Every structure is written in C-alpha cells, then in structure tokens.
C-alpha cells in the first residue's frame, strides 16, 4: 500500500497518459515549473514540446488546444483559477463543445481542461473562489468533480481518453486528501458513473467533490439515528441518473450538498429530476451556496457562504422528519 | 390606442430613458445605423457622444461600460448575438457583477446589457441561437426576459434605472409581437415581479419569454378540459417566488416551459424550489431544450429541439392526470 | 524557398484562377436567389467582390494544408476544393451537405480537405488555425494553416492573442485579413486605430498589404508567405484590400440600412476580380470555363434541391463525438 | 503643457517621493510578517522592488484622477493616498478595512480617492480605466485614469482591445506597464513576441520606456504623459523596467519554485528604489521620514489588529448595490 495525495494522483494520471499516448500534451501557465503542484516533473520526462508554458492568453491557448485536438492531439489545458473558465467561456462552450455537431460529426475535439483548486481557497476572495461546474453542465460540456485521490486519477485519465471536451474540477477542499492504496489499482473511472460512497436506508445524500468527505462525516455522526446513503456522482455531466434512481428506490428521501450557487445549480437539477421522475416520500432539500454568491475576503464571511456539515445535518434531520 | 411592436417598445424605452437622464448612453455594434432595429433614430436625437458604434471588441467595450458606470454613467450595451455573452462572461460575471461586494459597497455598476433576438433565429445555426439566461441567473446577475411589448418597455426601463448590472433578453420569437395599447400607459415594470397572464385553477404553467404566447394558446385550446393558469415571471433573476407560491396554492400542479437547456436550466430551479417549498399535489414537469443543446442548422432539426406547444399540451395533460 | 514560390505560382494557370473566381461568383449569385426563394433559410453573407482573395491564397496551398474561414466563408471553402454540390446542399440544409445539414452557411466545413470550418464568431479562427498547424506539423511533415478574417476581426482580443502565440512558437500559419473597408456598417477608419499591418508587425510577424481585387496579385503575394511558413519562418500576415459588392448579409436586401452611398458602391464595384482575371484568357477559353461553371452550378443546385432534409429524430445526433445522446427536453 | 509638466514635477519634493517608496516598502515588509503570523489569510503579491513606479506615476496625478490596479496592488493604492491603517485592516479582513473586509489584498479599493480597485484578473483594468476616464471627462472637467499592469498583461486580449478603444476615442488614460521580467515563472522573452512599447505604438499610442527603479525618473516620464492625456491628446503608454525583489506570491516562501537563480535575484536587487531616492535626502531628513513611517506602519498594524472582523450574518451584504438580499444556500 502507498499513501497517495489527491494532487499527486492528478500528476500521476497526467504522466501515465502522456507515457501511454504521445498525442497527449499539457499547456498552461507555469506548468513547466509546476506551480499548481500537478505538472511537476513532466518537463523532464516528456520535454518542452509536450509541456508548454503559455503566456497569459487564455482565450488563444484554449482555442489553440481545440485546433490541435481537431488534428489529432489530445491536449490537457491547465487553468490556474476557476474564473479563467469565465474568460474562456466562448472558446469552450461556443467552439470546442459545438464543433462535433456543427460539422455534422466530422470533427472531434478531445481536449481536457483541468482546474486544480476550484472553489474557495480561503483568503483568495471574490475572483478566485468560484465553483462554476454547473455552468458547464448547463451548456453540456462533460464535467467531472472527483472527490478522492483514486477518482482524481481515474476521472482525469478518462477525460484525456474521451473524444469530447471534458472539464475536470479538482476542488481546493479536496487537494489535501490522501488515500492508502495499491498504485497498480489505479485505473480510469468511466465518465457518467457515480458511486455509493456509503450505503444507507433512510435518506440519500448526493454530495459533490470535497463535500463527499463532509457527507461521510455527517453520516457517521448520525449513525444510530439516521441511516444515510452517500451518493457521489463523480461526473456532474453526464449525470448518473440510474444510479441516483436506484438509491432513491431504497431511501425515498433526498438531500443534495453542492458547492454551486443555489439558483440553477447542480443541486437544482438533481432535485428537479428526482421530483419529476423518481421515488420521493418527502420533499427534497438542497445545501448550497446562496444565490449569486461572490465569496467575500474575510475568513468568517467566506466560510459562512460555503455549504457546511451543520447545514447538511439539519437538512437530513428535516427530511427524515417529513 | 396605438399598435406597438415589441422591437419598437424596446427602442421607445431607450429613447425615453435617454431623454429622462443624460447619463444614459448606448454602446454596441452598428447601433448608429440601428441594424438591430432597436436603436434607430437615437443618433439623430441624442448625438454621437451618447450613441457609440463600437469596434468588434466586446470584452473591452463591456468593461468600458463597467468603468463608465463606476463613474456615474448608466450605459446600455447592445449585443448582436446571444453567444457574445459567452465572449464577455468574465467581464459581466467576474467584474461588473462582483464590484459591489468586492468593494464592500463602495461601487455600483448601473449597466444594462440588451440582447435583441435571443434564442433561435431559424437558420442561424449553432453559434447564433443560444438562450443563456439561466447562466446569468446562476451567477446572480439580474436578468429579464420580457414576453410582451409593454413588458419589453417596462423591464428595459427598470433595468436602466437599476443600480446593479441587468441583462435584458429579447427573444427572437417575441420581437414580432404587437400590442394595441395606450402609449401613456407605458411605464417601468419592477424587476422581480411576475404576473399571472391568465388565471386558472387546475395547473400552473410557468412560461418564459416568447413561450408565454405558446402557453396562452395551449391554455385556450385546453379550456373546458383543463383550467390552466399561466404565470410569466418576467424577471428570471431575482425570481418572483411569492408569486409562484400563490399560484401553486391555487392549482397545486406545475409545468414549466423554458427555452433553456434542460440540465441546470431555469426550469430546474423552478421545479426544485416548488418541490422543496411549495404546494404540489402531483409531480411537476418541464418542457425545455435537451441537455447540452447546440441548435443544428436544418430547419426541421432546429425546430425539433425547441420547446413546442405539443410538448406543453402533453405535459399539462400528464400532470393533471397524476 | 524562392523555388517553391516560383513553382507554386507557375503551377497555377490563369484559367485555373479564373475558374475559381468564376465558380465562387456564380455560386454566390445562385445562393442569393435561393435565399430569395426561401430554399436557403437564414440568409447568407455574400462573398461577391472578394473572390480574388480566396482564389489567390488557396492556389498557393497544398491539398493537405489547412484553413479556417469566417461568417463570409463560401469562397474560402470552395477555393480549398469543396464540392459545390455538397456545399449547396449544406446551405439548403440537406443530409447530403458537407456538414449533413447541421452547419449551414456559417459553419460549412470539410475536414477531409483541411477546411476546419467557417465560423460564426469573428476572430475565432486564428487561434484554432495556429493550434491545428502546430499539431499537424508535430505529428507529420509541416502543413500550413491559413486563417482568413475580416478587418473587423483585428479588434478581437483572441485574434491578437493568437498572433502572439503563433509568433512565439513559430507556428506555420498565414493570417489573411480581407480588408473590405467595413465591419457591417462601421468603417475601418472608425474601428481600427493604427494600421492593420502594423498590428501584426508589432508581434514580429512579417506583414504585407496587397491589392485584393486581382487573383494573380494575391497568389503571387501569398505563395512566398506560405512557403516561408512551411520553411519554419513562423507566422506570416497578408492584408488584402478588397470591396464587398453586395450586402453584409442578405437581410440588407430588405432592410436597406444606409451606410454606403450608391456612388461609393459603384466606385467599389468598378474593379471586378472576375473580369480582371477573365481578361487574361482569350474569349474562347473564358467561355469554355463559364459554360463549365454554369453546368457545375446547375448540377449543384439540382443535387441540393433533390436531396433529403435530415429527420427531426436525428436532431441531437453528432452532438457528442462519442455518440452520447443527451436527455430530451420533454418526456 | 510643458508648463503643467514642470509644475507637476516641481511640486513633488524628493522627500515626498522618498516618503511614498519608503511607506510602501515598510508596509509590504510588515504585511509579509502578518502573512507569516497568520493575521493575513491567503497571502499577498509583494510589491517590494517596484515602489518607484507607483510613487512616480501617482505623484504626477491630481487627487481626483483615477487608477486601476492589479493583483500586486498595495503600492498603487497607497501611492494614490489610501490610509495605510484602513489598507492594513482590509488585508487582515476587518470591518474597518477600505472594503469593509470584503476585498482583501487583491481587491483593495477606495473610490473616494479614485482608486477603482486592485483586480484579480490580469489585464482586466485597462478597459475599466478607459471607460471611467471617458465617463468622468464627459460628466465634468477631464480626469486622467492610469491603468497599471504587468508585462504578462500585454498578452491579454481584453487589454489589447482596450488600447484600440482608448486610441479610437482619444480617452485620457495612461497605460503603465510594470515590466519586472516575469509573469510568475515565465520570462518576458518567452511570453511576448515583439516589443512591449511597439505593441502599444501599433495602436497609435505614444509609448515610452524608462528605468522603473528610479522614482524621480518615473515621475519625470509620467508627468508629460499625464498632461498630454489631460490635454486631449488621447491615451499614452509608459513601460517601466523594474524587478520583483520578493516572491511572485507569498506561497513561494514555502514552495520555493526554481525559476530565478540566486545570482540573478541578487543582481536584480542591486538597484533599490528606496535607496536611490533616499540618497537624494540628507541623512537627517531621511531619518525623520523613516521614523515617521515606522510610526504610521505601527499604528496601521495596531489599528488593523484591534479592529473587529465582519459578522457572518452580513456575509451577503453589499452583494447588490440596491440592497437585494439573495436566497440563502440552506433553509
């Protein structure tokens, strides 16, 4: 067994995929030095032709990657800040995502966008703390939010091998996680397949990214009183609806904890689809960021707007009472 | 009484607000000639200092407007294509929207973004047919989608007078509408207040933008069998939750017709919030675009992916059966 | 390199260049008729008047070279060798179209010919072309990419960023600016501070400006730039001065916005690339080309109009390259 | 105009310039200590080594002129006149901070002083500054806006677009590029094709490059540009060559990425703006300034640390200027 951190798992997936397929390359800011602690060492292993430091031209290097992907490369683009996805929204949602349909299936764009440290990084304030995966789920770009080191490895590997654009959000709240595992057990995790992180019978808690850890902790605290099933979708789009339906067949109750803004966030979609199509014996609940959240700088304010364990506990207790 | 078209109502609101407040100015592509048929005549009335033709630099002129707004101007920025909001997503969601909070309330950014012809313009294909209001509802930018000429006038006027950034989507499917009204009755319509477009007792249909017309037509067809209440939120963010709750108190049944992609769209939020907090005696339903929609060029394909009356009728019939 | 240039240019006969400009011209004239008749939905951005640029530049390219095009892209796609029949079928939204009817005028593409697509977003093609040329040359022998764009595009941030990336990484891309004096209704003078070539030159990109109305001139200017890019000299920039004879978009035929005087338009149309190149052929040869083109266009229209429209049940096909089908909008 | 320049420059004593650079230096040194002690959460981008630019440029401005700043913004905000105590309170997240603790290091702003804010997005300030200067001058007498940014920002599309807009519309904005040789770990040579001044000049913007280590030199270069902008000559561009003495961001103090050799850093630090300006004062005057600054900084830190942190119940206050309160994330 080896202790593998979430960050190292991402780096390992990159290295393994680059070794496996020479069409895989990495572009981004400071990726040669490896400022994000994901790409360190890749320059020495694979050389400057496959590990490219980009100027601060996110829009151009994003579409540059799209162009390279059109010709058969499988670029991985690293973004230092979640809101750089706002800056490149046109290039991702309007170009990379649309090429396959607009060309009638002639084009494929196997590009991966990696955001190490999404969501709040305490003290980085309003423009560095977004968690915009729901935006990409809405426009239909394949999007993963791994919760564990082995899923970080497996989902990034699958994203790189996928023939469509895929965004991988690595939440700041999960980067420090470590897992004790057998390295040889690391393998691609299929996109669109969730997992039951903990089985239970009273309520299904859908938890996204770093909140899976919170959900497991809360489930532990409540054991005895409430049997909580924790469902980790792993991929937020396409979503594992069958997996969720199966869990709700067992529990009939739903709580979602999701670091999106409430309005039109992933939590809304999960609650809406469950309410329309699945077994629910009580009204579902969401724990999310408030509508339109901009995270303030001061630590107490930043924390106050992020979903937390107390809110999740209260939501679970309310749902089982109903 | 006068016949007023939706397009003319937008132009009239602009002209009236510019006459009323000399801090109001208009920027955009081809606004002097008035290619969108909204800004025609403003150049002659208000001169080149207040009606600015911009180069194709959407990002810069969007933030230019933000800077002008910080100093007290009330700019109206016109975008020729909905996906130009993708191109300027950083400038709107990460700058204009965040200034008030990030400065601790020192800054206000009274800028209005107007998109005449949002959604499908038959035959304009994948990059000109988006309807991305749910994206802005998610990030928390005030967003309206007027359904009628008088609301087009009233909501645009309120957007211009509001001290926060506001986006006004004028659906291509509504631009041709005409209303027979008394011009002196035109007045600002408060943001965040919906209206019951048609009262009913069996089911509440929430319809957004041009689909309000569809909902009224379907309600008419079904009269006798089903009593349909049509609720037009008018502003999608902030949403009139009290208005919706009141309607559901009466009907207890909900169908949403919304030209967003399904996943994490406005329809999801409406269904989710109603399921969590409001009176529902049957599972709600949505009529929307498919997940991740890119509208194909061919007319039959374009139409096939837009919400339509047949789908709405079927959804209503299913909901009242449940 | 000089050799390459000479051979490239010499390899293209005046008749071949004439055929291309004539093909584009007649294609556009017929397409406009099909817009009027309602067979083309949504209208088009006619390329009429600018044919010399697509013809001259694409004549300097090899079959496996690449291009990115614009909203006004028919000329580029045809000049790079696309089948006029499948192109017309695309404009009329048929399954037999280049894009199976999914793209239409603004997204026409033929990846088998290196046509990475027209694009509805001004300035979007430059970075895509740079990435494609970089990748192609990394995976095999150098292939040059040409990115076409208008004078309006030089004010788009992403294109300026692409100039920098291409120059830094010495990517074999040739940026071709079709300066027709207007971005819709806005003049270059009111839109562009400084000179267009100076803008490219500021990134260390060799930039030349030529008469974009003469196909031969454009070819002779483009060939050495393409050769230089292929030889590893990095990106090159070509500004072609031209004039848009017709509407910005066919909606103008109805809306008639006033921004160019009748006199100005008449003056702009006085030099016609089709006639300029046609004058280089003797009457019989020119007539032969004209007749052949009439056949080609007639066949293209016939092919398009007899072809089937795609079926609504396939509306979400091709959304994902992996075949993933999205959830429908209504159950 | 020459008059203005002369007067502007003459109005600023060597002691005043020294006071500003010394204030910034000591503020940053203390702020780094507060990062180490955990009183500043999230770290900072230290301005140490670049003080001459903020001091020299802001000395050329009037009180009601405007600036936009960057992620490395403490120097600009202080040089424009912000209260060091409220600035330090902002960095430590207190209600008494310039932004009521909502902004922190990367968003410090004081609109009453024309400081439109530091900005976390590189290159974002240019267009905002242009719009602000345009609006201010439209609503009253001309006010000049200075937009500060680094060498990395000249590769950002929106900034290049802003150059074009400002030049077209002759906006009274002065673009100041702080070229410290690196964008985080990437050298200017690996990031910028062509010259930085050439890039601005291509938009028809007068551009000059100066030694950014000498406050007096910067002031003398900035004053005529500010005067020209105010006089209606349109945007101006100033490149200041400087060196970042410390980390890109304080996380480097732990992570220690290798991209500058110890020798290179030593060489870069050999010319210190504080000493360069300090040498222009006699020892007694310099000591007097130093003592005063020590008091100011000590008071600033004390004020910050005794000030209250905002209450979590107010976390969504100020989200909307109209006072709209968003729905909470959990009921």
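As written, the chain order gives the labels A, B, C and D, with residue 1 at the start of each chain.
Here is the rule we go by: a contact is a pair of C-beta atoms (placed from the backbone, for glycine too) under 8 Å apart; a residue touches a chain by one contact, two chains touch by 3 or more.
The chain list, named the UniProt way, goes like this: A, B = Alpha-ketoacid dehydrogenase subunit beta; C, D = Dehydrogenase E1 component domain-containing protein.
Not measured: the values here are computed from a predicted model.
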Worksheet item: Tell me, which chains sit next to both chain B and chain C?
Response: A, D
Worksheet item: Based on the averaged CA atom positions, which chain is farthest from chain D?
Response: C
Worksheet item: How many angstrom between the C-alpha centroids of chain D and chain C?
Response: 45
Worksheet item: What is the distance, in whole Å, between the centres of chain A and chain D, each centre taken as the mean of its C-alpha atoms?
Response: 35
Worksheet item: Taking each chain's centre as the mean of its CA atoms, how far is chain A from chain C in angstrom?
Response: 39
Discussion item. Residues touching two or more other chains, restricted to chain A: which are they?
Written reply: 55, 57, 59-60, 83, 87, 90, 94, 101-102, 125-127, 140, 238, 263, 276-277, 285-286, 291-294, 296
Discussion item. Going by the contact rule already set, what residues in chain C reach two or more other chains?
Written reply: 99, 101-103, 107, 119, 121, 155-158, 161, 164, 168, 190-192, 319-320, 326-327, 331
Item to complete: Please categorise the chain-chain contact pattern as a line, ring, star, complete graph or other.
Response: complete
Item to complete: Using the touch rule from the top, collect the residues of chain A that touch chain B in their complex.
Response: 83, 86-87, 89-90, 93-94, 97-98, 101-102, 125-127, 130, 132, 134-135, 137-141, 237-239, 260-261, 263-269, 271-273, 275-277, 280, 283-286, 291-294, 296
Worksheet item: Taking the complex as given, what residues does chain B use to touch chain D?
Response: 23, 49, 52, 54-55, 57, 59-73, 75, 90-91, 94-95, 99-110, 140, 142, 162-164, 192, 238, 241, 276-277
Discussion item. Could you list, by residue number, the parts of chain D that touch chain B in their complex?
Written reply: 66, 68, 97-103, 107, 109-112, 116-117, 119, 121, 124, 126-136, 138-139, 145, 157-158, 161-162, 164-165, 168-169, 317-322, 324, 326-327, 331
Worksheet item: Inside the complex, what are the residues of chain D that reach chain A?
Response: 40-43, 90, 93-94, 99, 101-107, 119-123, 152-153, 155-157, 183-186, 190-192, 255, 257-259, 309-316, 319-320, 326-331
Worksheet item: Tell me, which parts of chain A touch chain D in their complex?
Response: 29-30, 32-35, 37, 53, 55-57, 59-60, 81, 83, 87, 121-128, 262-263, 285-294, 296-301, 303-305, 307, 311, 314-315
